[in-house]
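Dropping the structures in below, format is structure tokens.
One chain, chain A, appears in both complexes that follow, with chain B as partner in the first and chain C in the second.
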Partner chain A sequence: MISNLINRKIFTLLKVQYSNMLEYRVEIALWAISGIIPFFMLNIWTNNNLNESINISETLLSRYFLCAFFVRQFSVVWVVFSFEEDSLMGKVSPYLIQPLNPFFRYFAQHLAEQITRFPFALIIAFFFFIFNPESIWIPNLGILLLSIVSTFLSFLIQFLIQSIVACLCFWTEKASSIERLLFIPTLFLSGLLAPVVSFPTYVKSWIYLTPFPYLIDFPANLLSGNETNIIGGLIMQILWIFILFPLFKKIWSEGTKKYTAMGS
Partner chain B sequence: MSLRKYLKVYKKFLHTSLASELEYKTNILVDLITAILSLVGSIFLLSIFFQNSGYIGGWKFEQALIIQAIYTILNGITNTWFNPNLTEIVKHIREGTLDFVLLKPIDSQFFISLKKINPSGFLEIMLGFLLLFFCIRINQINLNLSFLTLSLITISCSICILYSLWFFISTTTIWFVKTWNAIEVLRSFLYIGRFPLSSFSFSLRIFFSVFIPIAFITTIPSEVFLGLSVFWKILLEIIVATIFLINSRKFWLFALKFYSSASS
Partner chain C sequence: MVQNIIDVRNLSKSFDISSKEPGLKGTIKHFFRRQTKSLKVIKDISFEIKEGEIVGFLGANGAGKTTILKMLCGLIYPSEGSILVSGYLPFRRKENFLKNITLIMGQKQQLIWDLPPIESFYLNASIYDLDKFEAKKRIKKLSEMLEIDEELFIPVRKLSLGQRMKSELLAALIHQPNILFLDEPTLGLDINAQRNLRKFLQKYNEETNATICLTSHYMKDITSLCKRVICVHEGAISYDGKLDLLLKKLSPVKEILIVCRSEEDAIKLENSGFSVKNKIKNEITIKIENNSITSSLKTILNNFDIEDLFINEPPIDEVIGKVLIKKDYDI
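Coming up: the complex of A and B.
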């Protein structure tokens, strides 16, 4: 009964947000284009034959960067920016009255955006294959399903981290600058710009304990057929979700107690 | 006479926006850490590229650092002036407040491009200069007058090109209303400016010097620093910068003809 109700709520939210997102197709197409940095990085790697030094063939490396692009496309999170705007504008108050955590609303927004984004990402991949026909491959169904799961887990980790940062809005008004700070290690350590295998050993020794390599490097390696520890990676992803989720619940309940609506 | 008036107005702009930004002091600290981390991150990325090869596109590591320094300075300038002001255009047009700007007895482009200032970008500019001085020492560049004037000219040309690019995209808001993501696309393309142009493949090199002149923005000034630049390249950069500036002005005046305020 209860789960049925939750399902219906989520379904309705998704439907509303999807039609909302379809209004902004051009926006989302542009956003998809802005994610093509991995391809520029690939160009530096292959054009200077840097891939030979890390023992990855050119085809595998180009598949890696294509997958990194895909994983990034479906794990982009911007909840902190939406929440900051809503809380500055005082829009959070009506959400708080509703019998549904407002973060469900943002969650549905992100999922709807990913569905809208999917065709654009496919078009970009199509162009990538035109320029790099030798890197075309078809992953087997099991790997494909696993990498979809791990991309979703990566999205969940990032969503939780950003939601925790977003809750800081209850204390300071500009939480987005903290998010921009956290984005820097995500950018450089997640494997978006260079695969984690290429990192020097003094970084590799500790990086696998942080959540970063599981955000992009692990799902991308999985999907592109590069060597990776599948079970270990999935366990670490789930572990991080189990660490972050209670933290989010705690900070949320503390924050809502602290919350004073604008103008009160 | 009118120049003095504009100077006076600009002083007032500085005063008001500094006062409002300094309200968020911790924010500035967070931004400083962000700027430092982002520089460390990109040097880290560069060191990965150089870890097994001495040259990338004919540039040594110490030489490529100069590009990083110039990029950091230009990025600081973007964050101090271009980003806060030009994202404001989007707001003006969406909320219809551009009317008030147009009614003021000063030039609208001047008002819109210089109204706001974000002091945390200064720290990034300083960081860039520190790295630049360090590079001058390790590359044993001797400073003389002709070198200083040439580098000053090329860097100011880069600033002009950068400004025009930002301004072009922000101006298109008059037709498309929401262009946040177009700005994101520009940002991700500008990211290429962190690396020497010659490290990319031929087709990308053409793309980044003809369609989006990122090549001119960082590579040519860095070549001047190393004493590698040819006279025609500097001349070309001056011509490109002039064309961009003039066209940004023309484009703004052209776009204003299509502006219909929010309720009309």
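Coming up: the complex of A and C.
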């Protein structure tokens, strides 16, 4: 019954947020276009024949970067910025006295944005295939489903990491500057600029202990059909969620005690 | 016997405030060594509020009224003391407690800016576990009470301030809370919108027996809604009791403008021992203490030839203004 109620709340939140997001469809199209970093990286890699150094064909590499683009489109998170603004402007106050954690609102906002973004991402992929017809492939259904699960888990990990950072607003007020520190390892270690396999072995062994390669590298490899440890990757994603969720709950509970409801 | 729904004992709240000296030197000093001090904004206050009461919190800007409301609804954590609201510790924010209360802050909105208010109403309804049928019924009833109709379907950003405020109220009351915390609910509204809002709150209180805690700088809000007021001065309670008793205490005399038939009568009255404020031709203004007003008027009417008289109440804002700058009113 409890899960039914939560589902109903989330479903309504999602519906309302989706209607809200449709008001911003032009902005969302632009955001989708702004996420084409992987295609620039693909260009750099192929023009310099860097794929040969990691024994991966040009076709597989282009599929990897297309998948990295897709995973990024459906796992991008900005909760720290929304929460920081709402917290500083006092907008969080009415949400705090409702029987639903305010982070569910942000969660629904992100999901609604992803749904709105989906057709634009497909259009971009369509153009990608026109210019790279050799990269066209159809992943098998099982792999596709696992990739969707893995991308969602990646989104959850990023959402939890940013939510933890967002809660620091209760102490520092400018938590987004901490997020900017995290942006650097996320950019370099997640697989957005280069597949993690291209890193030296001793660096890789450390990287795989962090949550970063499970954000883009693992789901993108999975979807593009590159060799990857599927079970190990999924276990690591779930493990990180199990580590981050209690941490978020703890920091949320301590943080709200510090809340001063400023700006309201 | 009516039960206490809010019970506050020895409540205090302190905030850590950082201060910075002006100029570049101050900025550099502030960057390397931040000076913070603890500021006690609420100082050991205690009070109770009974179910169905409408209580006005009065005080100057920064006196601590809003901080008290924020602690009562569980938004901020008290530093010392205890609060029980409807049997719950507010800060724990238990679901049943949250379903019983609402907080409305003038000009702070929970409605989704780009969507019509109706979307926010249904969202709130689902957050408070109301089914669609019940939500529809309540939206209809509240929108009738608030006299809003087609505004429900217009994006919030296109509504006037008054229409937005009414929609905010509807959103905040859809779950039919028993306790309303209203922080300056009429802020920025025109006179008609203020009056309508007051009428609505009065009606809501009568129909649901809801308890209302209200802060406002518009004295009309306080005088037309609250029988009881709690005056807050620098974080402490300076008066807690009936509003009319406070007004009597603060304005013990009434001014009476008497229009005499002739100037001679006015001169006779001027010299008859009453405290005279001013005299212009045949019009004379005298001050009479509240407790002797009947006997004094009898004497005047029996002994002087009076054409007309007017009893002037001192302006309420002026009277209440006195309470905002004084520490203690012992009634």
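We take it that the second predicted complex is superposed on the first by the 262 of 264 C-alpha atoms of A that agree within 3 Å, B and C clash if a C-alpha of one lies under 4 Å from a C-alpha of the other, contacts with A are read in each partner's own complex, and residues count from 1 in each chain.
By definition in this document, a contact is a pair of C-beta atoms (placed from the backbone, for glycine too) under 8 Å apart; a residue touches a chain by one contact, two chains touch by 3 or more.
This is a predicted model, so every value here is computed, not measured.
J.: Clash or fit: what happens to chain B and chain C when chain A is overlaid?
T.: On the superposed model, which is not a single observed complex, chain B and chain C fit side by side.
J.: Considering only the touch criterion stated at the top, classify A:Phe40 as touching first (chain B), second (chain C), both, or neither.
T.: first
J.: With the two structures laid over each other on chain A, which partner does A:Lys204 touch: chain B (first), chain C (second), both, or neither?
T.: neither
J.: Considering only touches as defined above, state whether A:Lys250 meets chain B (first), chain C (second), both or neither.
T.: neither
J.: Could you look at A:Tyr95 and tell me whether it touches chain B, chain C, both or neither (first, second, both, neither)?
T.: second
J.: Which partner chains sit in contact with A:Ile178 here, chain B, chain C, both or neither? Use first/second/both/neither.
T.: The answer is first: A:Ile178 touches chain B but not chain C.
J.: Tell me the contact category for A:Lys9 with respect to chain B and chain C: first, second, both or neither.
T.: second
J.: Between chain C and chain B, which one touches more residues of chain A when both complexes sit on the common chain A?
T.: Looking at chain A, the partner in contact with more of its residues is B.
J.: Which holds for A:Ser19: it touches chain B only (first), chain C only (second), both, or neither?
T.: second
J.: With the two complexes superposed on chain A, say which partner A:Tyr259 touches: chain B (first), chain C (second), both, or neither.
T.: After superposition on chain A, A:Tyr259 lies in contact with chain C alone.
J.: After superposing the two complexes on chain A, what is the shortest C-alpha distance between chain B and chain C, in Å?
T.: 5
J.: Where on chain A do the contacts with chain B and the contacts with chain C coincide?
T.: 24
J.: Where on chain C does chain A make contact in their complex?
T.: That would be residues 15, 70, 73-77, 91, 93, 95, 98-99, 101-103, 105, 108-110, 112, 114-115, 119-120, 122-124, 126-129, 172 of chain C.
J.: Name, in rising order, each residue of chain A that touches chain C in their complex.
T.: Listed in rising order, the residues are 5, 8-9, 11-13, 16, 19-20, 23-24, 90-91, 93-100, 256-261, 264.
J.: What does chain B use to touch chain A in their complex?
T.: 24, 26-27, 30-31, 33-34, 37-38, 41-42, 44-45, 47-49, 51-53, 56-57, 176, 178, 180-182, 184-185, 187-188, 191-192, 195, 199-201, 204
J.: Considering only the defined contacts, which chain A positions touch chain B in the complex?
T.: 24, 26-28, 30-31, 33-37, 40, 43-44, 46-50, 53-54, 172-174, 177-178, 180-181, 184-185, 187-188, 193-194, 198-200, 203
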